[in-house]
Structures are given as C-alpha cells and as structure tokens.
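Some structures to go through are shown next.
Two complexes, one shared chain (chain A), two partners (chain B, chain C).
Right after this comes the complex of A and B.
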C-alpha cells in the first residue's frame, strides 16, 4: 500500500520536539473542553507517581471540536493545580495535540495515535476517554505497566460492574470473542486500553483505515490483531467505571451496530486464524478478575420485550434470510410467550448469533442491515436476563456468564459448519 | 580597570581548586608542597584560570584531609613553610592569579592547643571556647551530617568528663562563637593571612557556627551576626578581599548569607551542580530550569559560585529522595561509589570518559551565571579510585606526565601520600598534562580554549540570563546580556542530533557569530531560528547587530 500523508506539519514539529518517548497516554476528544482538564491532570499525576524518571507524553487527538478542547490540553497548568500538588517529574511532561479531522472517528483517532507512538518509539501506550469522569491516576499506571514492564502487547481493562451493567459485553461480545479467538478477554470493547509500541507498529501497517467497522470501533481489532499474531495479552483491573453522562454515549442501537458489526468484521478478516482453533485460555490478569456487585435491582424493562416482539414480527423476512428455519421458528415461538414466562436460553441465543455471523460472512443481505436486525433479539435476550436474575447474587451471575461462555465454545463447531456451508 | 571593578574581581574569576598535597612534590617526600605548586604556576597561567583556591594547608593530623586544623597560622611542614607560601603567593600575583585560602571557622582539630587547653580542666580559660555539656541530650533534633561515621553530634571527653559538640567528625570539636574571645581569635587568624596578601577566604561549614536549643542549629540569626561582624572588619581594613561561603543549603536559605551585600561576597550554588548532571543524563533541561527558577536574586555586589566536581563527594543533600535515587542509579551503581549522601567520583569517570559530555558540562559551567570552579585534574580528564576510602579516591596525585610517579614526585612510589591512578583508561600513562599539551585536540587544549573564550567577555561573569524555552526540551538555550553585549548559548543535552527552533524575535536583525570558530551564521529574521546540533553539542554565539 502506498503511504498516505495524514499527519500535519505542525503536529510533526511538536513530535520533533518530543523526540523519543517511553510512555504515551492518548486522549481522543470531541468537544470535551469541560472534562478533559481533569483527564490530563489524572495522567500527569500518574506520571508523577509511577513513572517519575521516564520520558512521557500526553497526546490529545481531536475530531474537530468547536469548544477549544485542544487549547485546554496544551495550555492548562497541570503542575500547580489539582490533587497532585507537590509531586513532580524529573523530566518534562510533554503535551502535544492535533486535530486529525473535522468530524470525529475513533478509527482515524487511533491511526493518528499509532503513528505518533511509532514515530516517538514509545514502548507503552494507553488510551483513555475524557468522558470517563472517574478516571484515576492508578488506571493510567495499570494500563501502561504491563506493556512497559512485562512485555505484554495488549492490555484490556477490567471494571467493577453492577450486575446489570455491561450486558452486551457479558452476554455477547465477551463470550463470542472468547469462543472464536480463544482468549478470555472480558472487555475488548472499551474506551480505555493499553498496548505496546510493537503492536502499534503492526496495526499501523494494516490497510484497514477506510473500513467502517474500524473507523467506528477499532479497539477489539487491536486485541484480535495481537492474539492472531501470537502477541501477549492481559487484563488490568481499574475499578468501577462511572456511566457516561446522559446523552453523551452511543444509544443501544448504535452500540450494537458498532461493536457487533466490528466483531463480525473481525470474524471475517481473521478467519484464517480462528477456524481451526478450539477452546479458550485465560490471560494474565492484574488485580481481581472480576468484581460484580448485586445491589442494583434489575429494572423491569418490559418495553425490551415489546421491542423484541415487534422486531421479530416486523423483521420476519429479514430474519428468515439470516437464520436457519428451525432457529427462526424457535425465536418466533418465544416471542409469543407470556412476558412473565419469557426465556431466551443460552442454547438458542448462541445458535442465533452464530447464524447471524455466518450470514454476515456470506453477505446474504446488506451487512449493516443485518447487524441492525440483531438489535431486537439482543433486547429480548437482555429482558430474559433481567427476568432470570432479578434476585441473583454476584456469584450466581458469574456462574451464569461462565455457562453462556461454555455454550458459545460448545457450539463453535456449529459456527464453523455454517461458516463453511455453501449458501 | 576601574577601582570599583577591581574590588569585584571575584565576579570575573575562573577559579582552580587544588590541594597543595596533591599537586607537585618538589623535595621528594611523597607529598606535594608549596615549592612544587609554585613551579607549576606557569601551567595554571597557561590554562587561563585567574584564581586558585587552596584546600587547607595548615598543620593538621590529617584525619579529614586538613579540615581538622591544629594551627591556623602556620603551614603543614609537609607542604613547606610560611615563607614558601609567601613566595608562592607573590609568584601567583605576578601572573595575575589571585589566591583564596581555606578557613575552617566552625571547628578545630581535637589536637589544636585551644582544645587541649579547653579539655584540660573545667576551669581553664579556654574551656568556653568550645561547646560542652554534661549530657548528650541537648540540641536533640539536630541532624547528623556524616551519617556513615557518626552516631551523635556529642562526643564524650574522658579527660574533662563531659560531652563536647561536633557537627562533623568527633575529632573536630565545634568552636563556641557565642564567646567574643573566639570571634576575636578568628579575626586575628584572618588578619594574619590577609597581611601576607591572600585575596580571599573560603569559609567552611558556615551554617553551623552557633547553637540554640529547639532549633536545627543551622542558619541561625546569631550565625549571620558573626559573619556580618567579620565582613565589616574585612571591608574596613582590607577592601577588595573576598569571602566565599560553603553553605550546602537550598538557594533560598543560602540567599541569607549574602545579607544585604554585607555578609558573603560569594556562595556555592550546591543544588545546581547535581542537576546539571541529572539534566544531561535525563536529556532534559527541566532539572536546571526548575532549580534556577527557585534561585532568588542576590545583591549586585554578590555572585554565585558554580562547580561540577570538587574535593568532596558530589553532594546529594539538596535534592529530593526521588532525585537522589536517580543519581545513585545513574552514576553510582557500585555501592563503593557512594559516601554519606553523595557520590565520590570525578567528572570524567562519571561521564564514562565521554569527551562530548565532559565538554558539554564544562560548557554549561562556564556559560551559566556565576563564578566557575574547576577541580584540579578535571581539565585533563583524570580518573578516580573509589576503593581508597573516604573521598581520597578523588584526591590522588596530579598526573603531569607518563614517567616516574606521573611527574608528581621523585619519591619511591610506596612513599607517595596516595597511590596514583594507574589503570589503562585513566592511568597517568594515558591521561597526563604533557601528552595533552602536545595535542591541539586534547581535553586540556579544549579547556584552555573554552576558558579563553569565557574570559574574552564579561557577559558570562556579570551578564543577565534569559532562558529561551524552545519546544525541544532536550535543548537548553539562554541569552546572556551585559549592556549591549549579548551571547546566545544553545546546548544539546541529548545523545542524539537535535533540531531546535528558537524564538529570537527580540534579536531580529542580529548576526550570530560562533565564538570558538568565529563563523557567521544567518541573520536572525522574522521566523523562528532553526539550528541543528550534534549529540551533546553546544554553541556560544555572540549576537551582533551589524
């Protein structure tokens, strides 16, 4: 592939001034002037507490903010404010910033970050979100250390969650990616993660930057690139993650479209790696492996069931092209159940997803439409979870999650069979 | 030179620090002496320095390299006589070299007659010349300086059966400066040497002169009063003579020793020194900028003294714990290299014999504000021997040539006061004055050249400093200015080539003239001024508006 120019001269000039770095923390932003100062302070504090001798950089990659987000990063006086007063670094803590586009794109932001990591020859990098309001200095250290000190290449975060948080990850993204790619990484889709300079260089050289699935959610692709290249992955516990402020995160449809769309794309593009792979292995984990709390009472979310019913009905022709007849019939059957007796069991759930994945592979219909057709089924599965686990303890939830994972692994042969079948 | 300028000679000095014992032995007794030193004055003149600071040369049991003085008004017989000193002094003056001697005010040797009298009985008139106590519980919270050797600041005297106070070694009892007779005696000592013609004193351990219960016994107002009294008498009777303070303290605390220009003329800038090393190792100007930002303004007639290495350990008292750990890891990974809170190594070995780094550090030393001090032997890149105990490894004989005893002495090698450095890298066969004199590209020749360049303008010794803050943090750049004269200094602190853009808008229209080669560089215009520097390279540019 011919190299295209995507870093501006002004930004390159900033990088020349930095020279070589050991550690880099990147903050992709878009109109985050209100919160990004706090993020930068947490990063500086982390550098001052944990990496006082090292060559460090804070990188802001901005998607065209109109609220002067980059000015906040570059001009704020971090040393003399904030809770870390009195701490200092032996070296200059560099802050560099660039606007990579007029409109935000996670993929383009990542490409800019990877290019920066590569040019500065940074050994370890972490990406954090300015929207995470409870970002702590220890998070940064926990994301940077494994790649810096222990030669890991991809560092996934682990969060303390309440039992009803992160259901898309717990019931779909984690178990499916675990079964397919063979590594037990719980949070492949997250706004915070870490990686090595080596992985950055490898990812940067891939010709994926115009792919929509990468432009929207590139983080799991990095993890899977690491796994498929035999690089070392790990998880690092960060603590509880505050939910995003109302209206700032993607809605459920967008979240499914971006994450599941990306996962299906990865299945397609890494099939040479996973088709012959069996079972799954745990990865090194720093801190507790999971920390669920059960205090939160499950919401009734009856409307989830109604949306599921409506979707199954309205999307019947589409589902008929995606799902096997027997599977489709089972889905229609449960859609007619009394809401209080509804259950979308693991066996049917896994089968449904694998058939979606195989249909995506064969492109039986427009892929984006196909992923969107999955949204009502996801809602149905979540409703089933709420019903079943309204009073479950954290241990019971964990046991259930593990059972779902094992069901994904058990049916992987079915996925492969459907994947290889001629349409 | 105007009379006022003449009295400020210390501002323009480049000081060479040496110990008579280490420099040259004229009579073959294995120890350097004043006659030997006098014979080497041509070398010092040739080097370009214009002041010599002599470490203590008084009669002493030499349990602390002469800082344990047993007689303030004589010369240790090993080094010669007072007459020999006078001859040396006159010879130095005839070469326009000033002489600064060491005066240890705070304490004497326990062999000094004053102490012998004081301990002889509790009724002796000299008893109150020292600080005594029946218990060792007074001044409880005062820190111990020589942590490696001393457990307490009190020592038991079995003769008078009481404790005496000592801030340094227990064989160095502190004088009692609350006693007017002590202050008078010390003034008499100073007069003795001033009458002979010395140009100034480096006063050792000044923060500790006076003790008060409930304090740290450091930097007390009463100590400042003692200094002011001495200074007043000095100015009245011996105008143009200089006092240099050894106060290993933070700049804000040292500032007090300048008073209103009525205490010390000069004081060492201790915290700057380790940070110069740190900046080069870290390849980042931050440590230097940080400490200079914390350095207060001093009166017009005062000056900081700056140095890279000296006869003591590279002190790490004025750094944070984090910085100290870093310095140890970076420069003293062998525990033998550490002593007290510091590092007992010379400049060249600390820089792994990297000529570029040695030059860069000397370039910084000679271009930053303050009067620079060069430690003997560092101008040729002498090595050290950390296994000689205490700080003796940095006090080995000067290496004059590759012959017998390095040309230092005709004595049998076994009789030398200290073994020579003899390893293949730093040994006298490889590193010596004679061989470096023969090469125009030797470190010695380079050092002469850089001193000559510094001495070519008072902008370095008296000029203001304005730091430029290029975005490239590996480059330390500043402009020194005195009247219309301006010098731009640009230092690459890193081991790799660097490009830097300097904002020189204020100097638009000036032509930078590189001071060593005298080459013209492009005129400064509207745009940032782009320079590229090789690893550890530095430039001194005279800025001329032509």
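Right after this comes the complex of A and C.
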C-alpha cells in the first residue's frame, strides 16, 4: 500500500497490534503537553459513554513537539472515575501515537490520519484540537455518530458563538463556499470535524499533499471533495467555541491567508464542478443550526477602520491590478467616508471578493500577495459589521447573514463571467 | 609678418574646410543610417508584435509561468517585451554602425570592444532582470506585511528594500561587465553603508518616538493589543 511509504515502521507495528477499528479520534498536536491530557480524557469518556461495544482508537499525530506531548498521550492513565462511574468500554481503548514530521503541518497530519483510518478500516473518524479548552465527550460523539450510524461522509461542526466571533467565517467563507459549491455548510474551516472511512480513502488517493493551501488548511478541501463526489454531508452542533489561549491561535492575517487562500485554491481546482451549478441546498443538521452567546467584550473598532483606510491608500497600485476600475473607485470612495457613516455594503463586498477570486484564477500577481491584499478590505467589512450591528439581536444577525449569502448567490453569474474572461 | 598671419589663417581655414568636407558626408551617412535603423526598428517591432499575437505566445508564456515572472517585475506581456527588445536592439545596432562610419579612431575601438562584450552584456541584462523581479517581489511582500501589521511607514520600508536590491543588482551587473571593478565595489559599499547608517540615525534619533512605539508594540506591553482582534474563525 502507498501508505506504508510514509508511515514509520514503529507506527505500523502499533497499528498491526490494534488490528481493525470501528471508530478513531485523531488529535493532531504540536507542543500541547499542557492541554492534551484533558482532550484524551474527553475522548475516552465519550467512548465509554456512547460507544461501549465498539472497537475504538485514539490517535495522536505530532508535528515535532519539544515538550513530550506524545509521552503524555501514551503514558497517561485511563479514566478511572467521573460522572459515569461503573460504565466502561467492553473493549480496549487503544492509544497510538506517531510523529509525522519535525515541523507542524495540518495537511501532513491529515494525511497520516487518513492513512491510519484506511489501514485500520475505521468506519468513522473525528479530528479534534488539543487547543480547544472546552472540548467535552458529547462533542466527540456528535462528530462520530453521523458517519458511523447514519452513513454521512462529512460532518461539519456547528458552534454557539458571540456575534463578533467568527466574522471571517460568517461574512466570507460560509457565504462564498455556499454560493459556489451549493451546500449550506457553515463551518468548513474548523479544528474539529468528522468523516467516513470511505471519504478518507478517496482523499488519501489524491495527489495534493505538497500543495501549500492543503498543507496549511486541508479541512475545507475534504468537505469540497465530499460535495463534488456526491457524498452526504451534514452539520452537528457541538456547543460554544472557546477562543484559543492568547498567542496560540492564528492571528487575523494568518487566518485570512490560510482560509481564503485555501478557498480560492479550491475554486480553481474544483471549477469543473461549480461553474455550472446554481443555487444552494441545505444539509442535514443535528442540533440547532445557529446559536448566539452573549458578547464578552466589544472589539476595538477604530483600529479596524484606520487599517482599512491605510490599506486602501497604501496598496492602491496592487488593488488596481486586482479589482475592476469601477469597484476599485467605489472602495476608494468608501475609504474616504466619515467613520461614523461608513458602510461596506453586501453588494460591493461580494463584487470585491468575486473579483479577487477571478484575479487569483488569472494569477495577475503572486497569489499569496493577492490574498494578503484582501486583509485590509476584510477589516473594513468587519468594521462596517460592528457599526451596523452594535445593538442587533440574534435574529437580526442571522437575517443579515442570510442576506449576505443570498447576495453571494445572486452575483455568482458575475463571478463566472469574470472567471471566464480572457484578461 | 602680416603675410605670415594671413597665410596661417588661410591654412587653418583650408584645414577646417577639408575636415568639414570629409566629416559632413560621413555625418550625413551616420544620420541616414540611424534614421533608417529607427524606421527598420519600428517596422520590425510592429511586425514581430503581430506575428507573436498570431502565434499566441502570451498564452504559452502564461502557461509556462513566464508571464507571472514578468508581472512580478511590473513588466508588460512577453509579446511586448520581445517586440520592444527587438526595437531597442535594432536602434542600438544602427547607432553603433552609424558611429563607426564617422571613422573616429578611439570610437572604432570602443565599438569593437562593445561588440566583444556582447555575452557579458547579455549576462548583465539577465542579472538586472532578475534583480528587478526579486526587488519587486520582496518590496511588495514587505509593503503588504507592513500594512497588515499596521506599521507607520510601509512605503518607506518597501522602497528601501527595492532600492537596496536594485543597488546590489546594478553593482553585480557592472561587476560582470568589468566596468571599473574597484570603483563599483567601493561605490556600492559607500552607498549601501551610508543608506543603512542614515536609516539607523533617522530611526534612532529623528524617530525616537516611532522607534519606541515600534519596539513597545512588538516586544513590550503593546504586543497585547494584537490579541484584541475578535476570533476570525
């Protein structure tokens, strides 16, 4: 098998001792010794509560930690007590661990996980992040069950968020991926998701592992592979998503580079699938589809507007090569508005993004530079959102989100026109 | 005495007339060659452009990734680069041929030398082209990084990087041509050193507050501000 080539001998020996498995939960790690114990406990608890009779495995794939993260996973004691005392798995909960590289890469971690799922013939797999501090046993069960019991192939998470959280996902990634690929999956870019053994085998056979966009954020590619192959996708509600500890998560610029860069790459590589598709369809959802929590602290708004203004003026020659003259003129016009009257409306926002996507397709400048040039505009759009929805209720936020999605769908013809234009 | 002066003046006048009689026809020939060269260059440029459009060279160049390199260097399309190059090579060639018609001893030698230097000139041009590409790429990367990080003068940073790489490329090209090697190295060291010293002094003295703000933002308490951005995903 091709998997044998990149899996180490020691790791293959561990897998041979496991044999076959029904369920697998994978934890990609990099210097997470402080939190990974809690994650493994939550997984074991989930196995003991919800999958007592099934053959289960916990897999840790490590990106070269220097704090002995893997040792914590392998050597920690199994859960002896807890709220479900007396109920224990009838089978051994296997723990296997491997180091896939000397430096972390989400894509390489996923490749190792997929190869393991394939070798163990697991029917359902969930990936969870050790950096998620509020992960609990129910999250694991909610990610594993749809692929295990209901024949779904891709399980996206759904989180309860505060209204200013996840704005990149809400105003760009979700509406654009929904309009383009035609499936209403809210959280394609997440650190937790589930999938079937069938999808794992399909993804593993593809030669994308050296692509930068996949090495950094492979999860949406997996979802889009499932959509484009006609596999069944669903969403499963997990609960509130706690923000990562300070300094651990990607900053805003990195998040845009990784996710938007990946989305544009997927647009390029799945164009045969989406160019003729119209509209969008909802997917099966387990639990509430959206839930807003109370806002803890309002973000610093002024800084966003200043960075937008500065970006538009300093990056003028770059934006001129990416945007159509009319769109560029409109962006420059709103950058001159009084901060209190500023509005980056959905029509202009969608047009701007579609022009960026088409320019990415034509490689008018270096593609990573192009995605970076989008960062100030994202900040401007976020500032506009803060202004407009300072006092909005959860229903109003959801209505706005739906309006943005519909605008993306309405203007899809414009994206196709720009996409197919010769220059 | 008077007769001698008149004879001397007559001699000088005759010499001047003789020189002009010899030089002017050559000069006219030179002008004709240059003007003809310009016309030929113009025709060649347009013919080549039309031919390359027909052969869809730009599409091939796009597929091969060469167009991306040209765009990185803020240069026009491959067709345009080639047609403009042929124009300037023809113009330069006609100027050299035209000058050689003048039969000026020193110039003849220099022209022969230029022709001998042709391979080095090509290498120097490649160095300059690569320098231009790298300078544009890195200066744009620096501009984007500085704008997105909220630094005070992104354009200054971007232009400084572009300037340093240009200086390096120009000095490497001149070094390849063997033009006043010692002078080029000394000039580069002086200009580069002076630029760095100037920037250090400007940043340290002229921009004390900016320097403090920069260091505080990146190394000190101010670093915490970065985490105030709401969670994007």
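By definition in this document, the second predicted complex is superposed on the first by the 405 of 423 C-alpha atoms of A that agree within 3 Å, B and C clash if a C-alpha of one lies under 4 Å from a C-alpha of the other, contacts with A are read in each partner's own complex, and residues count from 1 in each chain.
The rule is simple: a contact is a pair of C-beta atoms (placed from the backbone, for glycine too) under 8 Å apart; a residue touches a chain by one contact, two chains touch by 3 or more.
Note that the coordinates shown come from a computational prediction; the quantities given were computed from them, not determined experimentally.
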Point to revise | Fit or clash between chain C and chain B when superposed on chain A | key: fit
Exercise for review: Please indicate which partner A:265 is in contact with in the superposed arrangement: first for chain B, second for chain C, both, or neither.
Suggested key: neither
Check your understanding: Counting only touches as set out at the top, which of chain B and chain C does A:139 meet: first, second, both, neither?
Key -> neither
Exercise for review: Mind working out whether A:19 is in touch with chain B, chain C, both or neither, as first, second, both or neither?
Suggested key: first
Check your understanding: Touching A:47, do we find chain B (first), chain C (second), both, or neither?
Key -> neither
Check your understanding: Where does A:181 make contact in the superposed view: on chain B (first), on chain C (second), on both, or on neither?
Key -> neither
Check your understanding: Does the superposition put A:11 against chain B (first), chain C (second), both, or neither?
Key -> neither
Practice item. Mind computing the angle chain B to chain A to chain C from the CA centres, in steps of 10 degrees? Key: 140
Check your understanding: Looking at chain A, does chain C or chain B touch more of its residues?
Key -> C
Exercise for review: Could you look at A:91 and tell me whether it touches chain B, chain C, both or neither (first, second, both, neither)?
Suggested key: first
Revision key, fill the gap. Rounded to whole Å, the nearest C-alpha atoms of chain B and chain C in the superposition sit apart by 40
Revision key, fill the gap. After superposition on chain A, the chain A residues reached by both chain B and chain C are none
Check your understanding: For the complex, which residues does chain A have touching chain B?
Key -> 13-14, 16-20, 52-53, 55, 88-92, 94
Revision key, fill the gap. Touching chain A in the complex, chain C uses residues 68, 71-72, 137, 140-141, 143-145, 147-150, 154-155, 224-233
Review point. Which of the residues in chain B come into contact with chain A in the complex?
Key: 278, 282-287, 290, 320, 322-323, 326, 470-474, 494, 496, 498-499, 501
Revision key, fill the gap. The chain A residues in contact with chain C across the complex are 164-169, 173, 189-190, 241, 243-244, 246-247, 249-253, 255-256, 259, 299-300, 303, 306-307, 310-311, 314-315, 318, 363-366, 369, 372-373, 375-376, 382
